[in-house]
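Naming follows writing order (A, B and C), and every chain is counted from residue 1.
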Amino acid sequence: MGAVDERLAELGLVLPPVAAPAGSYLPALRSGSLVFTAGQLPFVDGRLPSTGKVGEGHGLVAPADAQALAATCVLNGLAAAATVLDSLDDVVRVVKVTGFVASDPGFSGQPGVVNGASELLAEIFGEAGRHARSAVGVAVLPLDSPVEVELVLEVR
Amino acid sequence: MGAVDERLAELGLVLPPVAAPAGSYLPALRSGSLVFTAGQLPFVDGRLPSTGKVGEGHGLVAPADAQALAATCVLNGLAAAATVLDSLDDVVRVVKVTGFVASDPGFSGQPGVVNGASELLAEIFGEAGRHARSAVGVAVLPLDSPVEVELVLEVR
Amino acid sequence: MGAVDERLAELGLVLPPVAAPAGSYLPALRSGSLVFTAGQLPFVDGRLPSTGKVGEGHGLVAPADAQALAATCVLNGLAAAATVLDSLDDVVRVVKVTGFVASDPGFSGQPGVVNGASELLAEIFGEAGRHARSAVGVAVLPLDSPVEVELVLEVR
């Protein structure tokens, strides 16, 4: 059991099975020392726990819920990355996180939502989990997912 | 004639002239072993075959049409990449595709649209054409284009 | 004083202090020969000069104003990059610019807005400032910022 797997266990987390891509692409790919994951949706056991736009108000996905979904995206992204690595212990550092948040036009709290991804990466990888990041509010995401997160990792 | 050009001919495709950038930037650029293309619009002979948002319903661009436009973006992207390569035979593999779909808020079929890009890359490059991918639904794209696709390629 | 700093001074520009990240991430990070900046908002002295969606019409941020904000994002991005470099003179070239424009659905002039970023990079770095670029119109950006720009730089 690798150090990252142990750390996940300490956090009460288990790497999920790799989510089937929603189209004709790979879950992750290595080029040189970088691993690029596909944009990850917050699938749990093959389904999205919730759908819709994030915002404050009736019929919207609450920001705190979306933050938890962003963390789920990270777990799926690490599972994807693991398919092209011997072990997640080969991750030298997290380089870049891009978080897309399907947003009600009046909602501008995307950074808080994407913190769900960023903070989990820091919990798992420590200092090596800190990364550059963009958070963006988009009109709508695949399958009406509230969030989508892609990762770029530096690996050995 | 290179192998990729022959494959394009087999598919009945011709690499178009490079679309003039819509702003102050380069169609593509090489850094180390990676080529980054600019975001490609589905120009054909200098104009967009259609404009507007993708979705189901009157006044919207039909998803099947948008899928074909995403394939056109790929051709334009390969033409852009060719400007910084001796030949497209120098492409080792497609690394990353990002597909932006100008989406009606009720449309969540972005993966199907961006499959138009992914499937053409697989047809042209075979296994080397398979890639990590993000598909995102955005509010509006430059010149009211229904789709925009950017490519990252690994080259020799 | 480095050559880039001198060039900035000639242009009447000063590198601002690094904007505090709006979440749990780093302003910029180096991996190999690439520097990735976080998505930059157009902060000036810790606040956004304007907020809202870009477009033509009452209550919208005028495209010309948004273009100036995109240039401010670049200054903040260079300040972020400088935190992981000895000097901005270590920038070999600008590789990739991604410009997100919070857009009124009827506004499709994103390339003109993001030219504010691209043209400033060319003014500062000359030929080495020319880059591949994507411009995208999104629903809403963090803190209701009208624009967000991220940079990928090749460094020595």
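One rule holds for everything that comes next: contacts are C-beta pairs under 8 Å (C-beta built on N, C-alpha and C of every residue); 3 or more make two chains touch, one makes a residue touch a chain.
Here the structure is a predicted model, which means the values were calculated and not measured.
To fit its Cα atoms onto chain B, chain A must turn through 120 degrees, a value rounded to the nearest 5. Comparing the residue numbers each copy contributes, chain B and chain C share less than half of them at their mutual interface.
Each chain gets a centre from the mean of its Cα atoms; for chain B and chain C, those two points are 25 Å apart. Shared interface positions of chain C, i.e. residues touching 2 or more other chains, are given as 32, 138-139.
Those residues of chain B that touch chain C in the shared complex are 21-29, 31-32, 36-39, 53, 98, 100, 102, 138-145, 148, 150. Partner chain C is touched in their complex by these residues of chain A: 32-34, 93, 95-97, 103-112, 114-115, 118-119, 122, 130-139, 152, 154.
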